[in-house]
Amino acid sequence: MKRKLIHHLFRALTGLCALASCAILAGIVASIVMRGWSALNWDFFTQQIALVGASGGIFYNVIGTLILLATAFVVCTPLALGFSIVHSVYLRDSHWRGKLTLLLYLLNGVPSILFGIVGMVIFVQVLGWGKSWLAGGILLGLMILPTVSVTLIERIGSLPIKYTEAAIGLGLRKSQIIRSVILPQSIGGLITGLMLGLARAAGETAPIMFTATIFAGASIPGGIKESPVLSLPYHIFILAQDSYDPAVKAKLWGSALVLIILVLGLSLVALPARLKIHEEANHA
Amino acid sequence: MLEPILQTSELSVSAGSKKILNPVSLDIPEGGVFGIIGPSGAGKSTFLKSINRLTELSNGLKVSGQVYHRGDPVYGVGVDTDNLRSRIGMLFQQPVVFPCSILANTLFGVRHLGKVPRKEWNNVAEKALREAALWEEVKDRLKKPGQQLSVGQQQRLCLARTLATGTDVILMDEPTSALDPRSTEAIEGLILDLKETHTIVLVTHNMRQTERVCRTVAFIGLRDKVGTMLATGKLTDLQTKCCEIPELEDYLCCELTEPIPKAKAC
Amino acid sequence: MTKSPLILFAFLPAVFALLLSACGESPENPEGGKKVSALKINGSTTVNLPVAEAAEVMRERTGKEIQVDTQGGSSGGISMLGEGLVHLGMASKSLSDEDRKKFPECDFNEIQIGADAVALIVSKDVWSGGKTTITKKEMAGIYEGNITNWNQIGGPDQRIAFFNKEPGRGTWEVFAKWAYGSAGDTPQASFPEVGGNEETRNKVASTRGALSQLSASWADGKTVFALSVKTEDGKLIKPSGENIATGAYPMSRPLFVLSDGDPSGDAREMINFLLSIEGQKIVRKHGYLALADLSK
Amino acid sequence: MTRSALNPSCRRWSITLILSWLFTGVALAAVVGGLGLLLIESAPAWKHSGFEFVIGKKWFFRQSEFGAAPMIYGSIIVAILAMILAAPVGIGAAIFGVEYLPRKWRLGLKVTVELLAGIPSVVYGLLGILLLRNWIYEVFQDFDPLSGDTLLTAGVLLGLMILPTIMTLADDALRGVPGTLRLAARGLGLTATETALHVSVPQAFPGLLAAVLLALGRAMGETIAVFLVIGRQDNQWPSSILSLKPLLESGQTLTSKLGGSETNIAYGQPLHWGAIMGLGLVLLSLVVIITLTGAWLQRISFRQHQQHS
């Protein structure tokens, strides 16, 4: 029967698409694990880069990436909180609220290289910081602002109305309601958003390559000006172009593996909450 | 008694480990209107949907037991569920009109099922719309979006859509609960007309409606929080059983704001 | 209603950041100059190899922080030194007048730490197809697009896949100087560009009919092969250590560490180390010629 | 919505209020500042080249010729290529997930895709430069590509990268279609496929289109992965837009130029730097146009569903 045939064909076709997506993930992860696994050992994590990447480990690269992420976290949290509260609570006009949402969409679409270029002008040139961890952190923090804000706004939007009604019933002012009801109830959304955002920030090269990170020699930054850090993505980016020694290749794949573990770890932490929000939003 | 067109045999439904409906065995005779009454949440709709296997499309519902349609098993490997559903139509509480024209809505099933040659389509649509008593109202605007119709008209459009597929059984899940009294009356009139040619299984809350249109009814009540079929027969017979079945008594007393004339006081 | 500590937690990071930036600013610049604790070096990827390794040794010994980066290649090194962003630059080419003019305030001081050559490298199929030499004229023909197949110049029948080193790389400038006299005089032509040395080697090795410029020390003779340059009088000159040392190979180049005026402090120490026997060993280890090899 | 429950008449100054607006202000200022900077810093280039900057086909910075057209072409063609490859697979996978898979399995698929979305672009770049470019070079040998660095390579790599984006957004769009419509269609006896094709997909169409456009914007802004495999060849202009041959040649995108060595060379020279910033501005405009269209379509899609449910 023709209808059945079409049905089965189409189902098989779309199933193949789904299978392909899974296979791509499996393929990418497998190819990196296979090549990078041998590089992973205790020394790889505890030693600093040596022999221009051919020896030693990636201690300060991991530290540098963590410093950038921590800074992005610190920068993004207040901005996202302020933005989301203004968006969801203080703005009365849905017209302006729509404009703000659109702005988030646009900011989310801004190519990361532009953060790098504009950041270079502001931090390196105007402020004279040179390459600095803080510049990179601020740029990454701004870059993930949309991700964090959207998650937080969704969360605030999905709060049961009875909570706020109850709080109003107690005669609380708006700011008190925000502090005592809305924020505690939506803190999970903030954390989910941050994890997602940081997962994205961890792998970004373009915003930090001109502003925050160098290839070798930086350790824990002691100040702000002229205080670059090492980082995992930039390390991989440079070694992919310049690696004299075949020994570098193993370390290179090892670094990629560590980066993937870091990024996927962050996404996994955020995943349950994210799926839940998503399912709720669509089943309500 | 006529040969039953639908037969359920130990049909039960569960969601995971939670039972929703205890086994139901019912014979539904061909022709006429078979009513299913009972309190909300007792699983009437679920029972209705399990007859043409629409339950399978909801997540996590598991059906066991068997249904026979004209003697053929409904549950089983190799049963063409899509064909089955085209013969056992369904009308929902809220009218579901597709975002296309009135004509396209009427032909939505016909177009894809491929039973009717294309040149017959217009005739089929007219016949179905006439049967659903909608033809006169829409014949001049068949190309207009179906969603412009009133809710009552939309429900009749859905009925026409089901009729057009050549179904012989129509499952109706509280089809008038979203409608105003006037539209309700129109639908009830339709049901009475249609029962000459079709078998209708009607889930309803409205006792007056039950009384007006149903030949036989089954009562599904909540016993130990699980839907259970507690009584079946003519409505008048059910009323006599009031005193034996406390759930039925509760239900009939609560549903009736004024006693039905023939009802015995319980 | 007591204030929820949550809000404090939430806004705390911002306060923390402001504080940090406030106190980070002042002790860092006590004299108001660009005094920084770490020694900063930036520039050529070619020079980077021995310098980065030397920096590792220095770091180990003195505990000083030495930051090495390769942003923008030689040009990046020159301009960042010119702007005072780093203490030492790395360049794999001699400074041009243009470079000096761009940063009039900087007293560029070239300190040679070794030498290298820019080799014209080809992929295996070209090499085994019999094309092992090249003349300046042939190279110009390729660069200007008149020669597109190796069989036009005595090689196999294979299109020429020319990868051009990206602008700003010392390698490219040395090549341009040889082929056309100066970077500014090169004709307007666009080719696929390559950046880092490994990227160049990797891409040439994996492409049939490939040709590119690469530091001679990276031409391993296994995956990529350095062509000999054929002079107008018919002499074949290999980019060998000897020919680089004597200057016979036309694309020889000194490897420089650059400083603004006389280097002092950590920068001086770094340069002293690079020029020491130990430092020169590192230069040689990466396939370059040490200063001693040049004077032979 | 929470807001509607709050009493709008009582607005008093409070720390929360001030801080919220302050931080919102900071975020807005950063956005406006960045945009302003792009405009101001790129001014020398606009003054020098005028509109020729956008339509000019020649870019030779040593001769102060700045024409961005080949890079705009590169950006667009690579992004479209990525979309052509990723859209059918992504939407297909989303359809499979929503229309055929039981809930439990669908979550598994979604987790996979979310993880796939997290893989950093530099890792894709690494895979591209070490594996994909050789593969493309060998597979398309018959078409005689000059090397493995082609627009096609970049397109395929980008296609892989935006696949999860398309799938997630398509999944959202399809799940936004009211379940009652699906049930009604199935109740008429339509197969799951007929329901998907004739009910779900037409209903979700604006949303699906938005998914594709938003992914297109993302593809256009991607830098690192493209940088490593596109060949970075300036001044590549196809003899015919319809010809497929140029796909197997090297090229340059706006992003690969911005990420490349010229950004360092240009630093400190107003005109050259202005040209680089001008490229940034062009890139931003392209992405903003695409994103706006996508957001607009998504809103249409959302409104449509609101009417229904």
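The first chain written gets the first letter, and so on, giving A, B, C and D; residue counts start at 1 in each chain.
To be clear about the criterion, a contact is a pair of C-beta atoms (placed from the backbone, for glycine too) under 8 Å apart; a residue touches a chain by one contact, two chains touch by 3 or more.
All values derive from a computational prediction rather than experimental measurement.
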Using the contact definition stated above, find the chains touching both chain A and chain D. B, C
Could you tell me which two chains share the largest number of C-beta contact pairs? A-D
Looking at CA centres, what chain is most distant from chain B? C
Report the most central chain, judged by the distance from each chain's C-alpha mean to the global C-alpha mean. D
If you average the CA atoms of chain B and of chain C, how far apart do the two points sit, in angstrom? 81
Rounded Å distance between chain A and chain C, as computed from the means of their C-alpha atoms: 33
Cα-centroid distance, chain A relative to chain B, in whole angstrom: 52
Approximately how many whole Å separate the CA-defined centres of chain B and chain D? 49
In chain D, the residues touching two or more other chains are 16, 19, 23, 129-130, 191, 194, 228, 263, 267
Residues of chain C that touch at least two other chains are 7, 11, 14, 71, 195, 199
Shared interface positions of chain A, touching two or more other chains: 3-4, 78, 81, 176, 178-179, 209-210, 240-241
Which chain pairs touch, all of them: A-B, A-C, A-D, B-D, C-D
Within their complex, state which residues of chain D touch chain B. 102-103, 180-191, 194, 198-199, 202-203, 304, 307-308
Within the complex, which stretch of chain A touches chain C? 50-52, 71, 73-75, 77-78, 81, 124, 130-131, 134, 172, 176, 178-180, 183-184, 187, 190, 209-210, 214-219, 222-226, 228, 238-244, 248
Can you check the complex and tell me which residues of chain B touch chain D? 52, 54, 57, 59-60, 82-87, 89-90, 92, 94, 96, 98-99, 108-109, 112-113, 147, 158, 161-162, 165
For the chain A and chain D complex, residues of the former touching the latter: 3-4, 6-7, 10-11, 13-18, 20-22, 24-25, 28, 31-32, 78-79, 81-83, 85-92, 102-103, 105-118, 120-122, 142, 145, 156-157, 159, 161, 164-165, 168, 173-179, 182, 199-200, 202-206, 209-210, 233, 236-237, 240-241, 252-253, 256, 259-260, 263-264, 266-268, 271, 274-275, 278, 282
Spell out the part of chain A that touches chain B in their complex, as residue ranges. 2-4
